[in-house]
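As structure tokens, here come the structures.
Shared between the two complexes below is chain A, which pairs with chain B and chain C, respectively.
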Partner chain A sequence: MNDVLLEVHDLVKWFPIKRGVFGRVQGHVKAVDGVSFSLRQGETLGLVGESGSGKTTIGRLVLKLIPHTRGRIVFEGVDITSMNYSQFRPMKKDMQIIFQDPYSSLNPRMTVGEIIAEPLLVHTNMTQKEREKRVYELLEKVTLRPEHARRYPHEFSGGQRQRIGIARALALNPKFIVADEPISALDVSIQAQITNLLIDLQRDMNISFLFIAHDLSVVKHMADSVLVLYLGKPMEYGKNEDVFVHPRHPYTQALLSAVPVPDPDYKRERIILQGEIPSPIDPPKGCVFHTRCPYATDKCKTEIPQLREVATGHFVACHYA
Partner chain B sequence: MNYLIKRVLQLIPTFLVATLIAFILFSLVGDPFEGLRQDPRLASQVERLRRIYGYDKDPITRYFLWIKNFLQGEWGYSIMAKRAVFQVVMERLPVSLSIGIVNTVLATLFGILLGIYSAIHLYSAADYAATALVFFGMSMPSFFFGVMALFFFVVTIPLFNVGLMTPGFHPDIANLFDKTIEYGRHLALPIFILTLLGMGGFVRYSRSAMLEVLHMDYIRTARAKGLPESVVIRKHALRNALIPIVTLLALSLPAIIGAAPITETIFSINGLGKLYIDALGANDIMVLMADLTLTISLVIIGNLLADILYAVVDPRVTLE
Partner chain C sequence: MADTEKKDQVMTKDYEVAEKSFSFWGAVWRRFRRHKLAMFGLWVLVIVFLFSFVGPVFYTKDVGANIFEEDVAIYYEYKIEKAIAKDPALKDYLGVSWEDFKAKVETAKALKQRAEAGDFEALTQLSMERSDIVSLSVQILSMMSSYTDASGNQPYANYMDMMKYIQPPGLPVGAPGYPLGTDDQGRDLLARLMFGGKVSFTIGIVSALVAMLLGTTVGLVAGYAGGLTDALLMRFVDIMLSIPTLPLLLALAPLIRKWTKTLSEQMGLGVFGSIVPMIVVLAVFGWMGLSRLVRGQVLSLKEQQFVEAARAIGAPTGRILTKHLFPNTIAPVVVATSLAVAGNILTEASLSFLGFGVQPPATSWGQILNVAINFINSPVQLTRYWNMIFVPGTLLFITILSFNFAGDGLRDAVDPRMKL
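Right, the complex of A and B next:
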């Protein structure tokens, strides 16, 4: 149970900015800048942060959907960063993704059955009959009905479409799934259904999730460990209790104080962050968070804080944590 | 099914209004038979022809007389050819059809392929070259290429022939193979030029359709499934990109009977296009009307076809 499935070392992704007629590179968007984490089998790592913090980019990098700039990704002891697309392709059997937008991520010209069966077609030698059977199984697993296989995606609601996306991701019995904000496009009652479905599937199939979200309460509900990102850099990384009960980084504290609590009488101190998230093209010097941190000192403006282990398995990138 | 019946019934008023407008415009030109009075052999026939085709009555009555006759295959009398219009048009039709069909097939095929190649290799040297070529082809008039081709490949190097694709063309050549070669030498250049000109729209259209589709989330889904890139392109991207292209294809239906009067004239090909130009000069109204009516019919049918095909290729669209 405690085998490490996925290890990411110092992952970096810079998107070049090209301008002018000749497409000269004028700078980089530092979308992901030195992120490391590891994920054990059957566990969930929550990736949280504001929009533009690089969460989605990490999810895509791990599956090699976009090329990385630097760093190492090791899956089941195999370094996948040096592989090319055709070498890596067979590994997609074990590594799948659930996308954020259930409306545009399903091919409108294929039936649900075709969408779900396609991974089986390329990665296995199943016969038509076997594939059909498997599709029905999968649809049942995500609480859809077998006859749905003959319909097209546009005939389904958002929550049902997301279930189709999940069934597709499950088709090959993957060990690892990137869930890229799988519930943020859905309404609240459906969010709960999908979250519970994911938890059930994880328990039944021993899947590891990289769960990307900006809804902290869902991450708290699902994740075994949590990585907080800001401008592509890790701010705090630790087990669920460490981060949610004893947050050490001012950014994490601010995020947690913004989570709505379903109790009107509850009084709490909100930490209101000033200003906007700075541009990842030209991130602040020193600690990237110092422009918005209520406790920032001169040291924060010049010196980059390293990710330190403040307690066993609990890492924080702050000079004063 | 109800929708289809309704849609087909709607074609009738469209057809009537379009032909009525054309008919009235041609009526403004004046009496087509007036010129025949010059010819002493035909002068006695003029009154009879005027009566047959309703030129002794008002234009509206004449229109209904014309449409009644037209639907019965009685398309009028050609002043140029001194024969029935129907005969003249049917003689010319195979020539225009052979150019038009080959040209449309080639233009769509190469246009779509080049557009897709451009989209997949976006901003590569090949993409820029294709774009430049297409814009050059689209912006130059057909007579430029026509005259250049005539000069280089007929006059300077006599590779190809021009002219006179009349009925009974080369009756001396009995061998089918030789006949094909001879036809080819007459038709190759105009077909090539029309393909070059007609391709442009398809290249631009399929390139942008393909680019749009390649940015869709479901393409990323297909890659995440671990499909080989060729399958991602063919099965997921291309099939979706073809939806708008199919419409364009149906709308280009009129091109198959030769929307190429200038090219046909330059190469002296006796097709419908040249017939139209000649008829314009001779004030041969009934030929003009017949030619125009054929084009109108194909435009209308093309539109209907586009609607139907759209529902066939896109499961999200139903004919309601």
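Right, the complex of A and C next:
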């Protein structure tokens, strides 16, 4: 059970900014800048950070939906970074994605049955009958009814649509699923349903999740390990309890202090971060967080802190952690 | 027990209804049917379509054949006989002139029959009889117009007016055998309208389909490929759009006439020879809007997550284009095409109206209007040839209007989010 499924080494994605008639490259958006992590079979890695921290980009890069700039992605011991689309296609059986927006991620012109059957159609030689049977199984697995297969996506609520998206991702029994903020577009009551559904599926099918979220309480609930991102750079990386119980990075501490606690008597000390997240086009020199860090010193402004192991399996990128 | 059975039946029924919503176009048709104005438009279109394409099967009059003086005289005879049936005193009043007139018409009828059977001599004789037919007709009509009945009225004073039909020969609306009368050449207007409708519909529909094919292909390719391909194709569209169509077509008119001649005479295509150039012209100048529409659709669809989802699944590019992008553009394409049919029929009519459209031997509604416009300045001719203006004009009007109603209804029906 301890075998590593996915390994990411020093992943970098710079989006070029083109201006003018001739599309001259004027600079880069450094969306992801040197991220490494590994994920074991059946475990969940929570990817957290503010908007624009590069979480979603990492999810896309791992599935090769967008080309990366630098780095290495190894899935089941196979380096997939240099593969082209047709070489990589068969591997998509094992790697799937659940999208954030359940409204735009389902083709409005296809029935739910067709949507869920599409991966089967592309990757297997199943007959029409076999596919239909599998679709009904999958619908039941995500607690929808088989007759829903004949309907169109617009006839469903957001939570139901998200379940359809999950059923599509499960169709080929993948080993690894990128869950790209799967619950952030849903109502709070539905969020709990979907979260529990994902946990159940993981237990039943031994799926590994790359769980992207900005809701820390859900990540705490689901994830085995957590990677905190800021401006495309890793700030803190470690086991769930390391990061949530003993956060060492000031940014993680600030994020955790912002999590609402459902207890009216609870008095908390909030660390309020000043200002906006800086532009990833021109990130601050030194530690990228120094512009907003309450403990920043001169050293932080000039020297880039490396990700250091402060305890076993607990990494922090801060000079003073 | 009986109750539960009944309940089960109801449930099965519901399930069957749900099953029907399986097909997209089935759902579109259900929504379309609920759109009253669109259904009205569709019915009118079906009627006009049947009129043009099935009508000639039942109404077999030759579109090219024209009538002669004797046909008009037969019409006069019919009118006067009806008047005599109403007022027997009239027969005594007309006396021997009526007998002479009737005898002449009978002779003409007999000669005509022989001539139609191929007797050339009869034809020559008939043409010699025609001046007599004209003078006898004028005589009998003037007698009719000055007739005073028992109560001192002159009920047939307007018969003097009917003299205009003999020279050049023509018949008014309602003449027996000619429900809509004849045109200025003495040809049956109803037959010509059916024929013209066939031409107008064919041109409108075929050119819209060709333009749809062109526009959709260009739009899909430009939108999906992006980059340089997109830029080049769209600049070409811009160039095509900035060509002033009408002046160019007027300049090209001699060329179009030449094509028509080549196609219909040398290649033996007949009527189709005069339709093909119009279809080509309308398609060549009609696809740009659609290609922009499709490109825009594809650009916005490309950003939708379901396209990314298809790529995440590992669907091949061909499948993404045909299963994910194309079906989502087809609805606006169908709507635009149905509206383009109306536009093309109208453009064809305008071009024909200006004399640059459909060329003889074919005719179209616009072509008939083009001839009729010459009469609009003279009140005398206007009263004689009003049928040539108002009948094709009305047909054109209701056809275009119906196409637009149906197209609008279709636009609403293809949007699954519209609850009609």
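Convention: the second predicted complex is superposed on the first by the 321 of 321 C-alpha atoms of A that agree within 3 Å, B and C clash if a C-alpha of one lies under 4 Å from a C-alpha of the other, contacts with A are read in each partner's own complex, and residues count from 1 in each chain.
What we mean here is this: contacts are C-beta pairs under 8 Å (C-beta built on N, C-alpha and C of every residue); 3 or more make two chains touch, one makes a residue touch a chain.
Keep in mind that what you see is a predicted model, and the values were worked out from it rather than measured.
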Clash or fit, chain B versus chain C on superposed chain A: clash
Which superposed partner A:E147 touches (first chain B, second chain C, both, neither): second
First (chain B), second (chain C), both or neither touched by A:P119: both
Which superposed partner A:L65 touches (first chain B, second chain C, both, neither): both
Which of chain B and chain C A:R168 touches, first, second, both or neither: both
First, second, both or neither for A:V48, with chain B first and chain C second: neither
First, second, both or neither for A:I277, with chain B first and chain C second: neither
Chain B versus chain C as contact partner of A:R89, first or second or both or neither: both
Chain A positions touched by chain B in one structure and by chain C in the second: 63, 65, 89-90, 92-93, 96-97, 99, 101, 104-110, 118-119, 122-123, 152, 154, 165, 168
Complex contact set, residues of chain A against chain C: 63, 65, 88-90, 92-93, 96-97, 99-101, 104-111, 118-119, 122-123, 147, 150-152, 154, 165, 168
Chain A-touching residues of chain B, taken from the complex the two chains share: 123, 216-218, 220-229, 231, 236, 239-240, 243, 313-316
Interfacial residue positions of chain A with respect to chain B in the complex: 23, 63, 65, 85-86, 89-93, 96-97, 99, 101, 104-110, 118-119, 122-123, 152, 154, 165, 168
Chain C - residues contacting chain A, complex: 15, 18-19, 21-22, 24, 304-306, 308-316, 319, 323-324, 327-328, 416-417
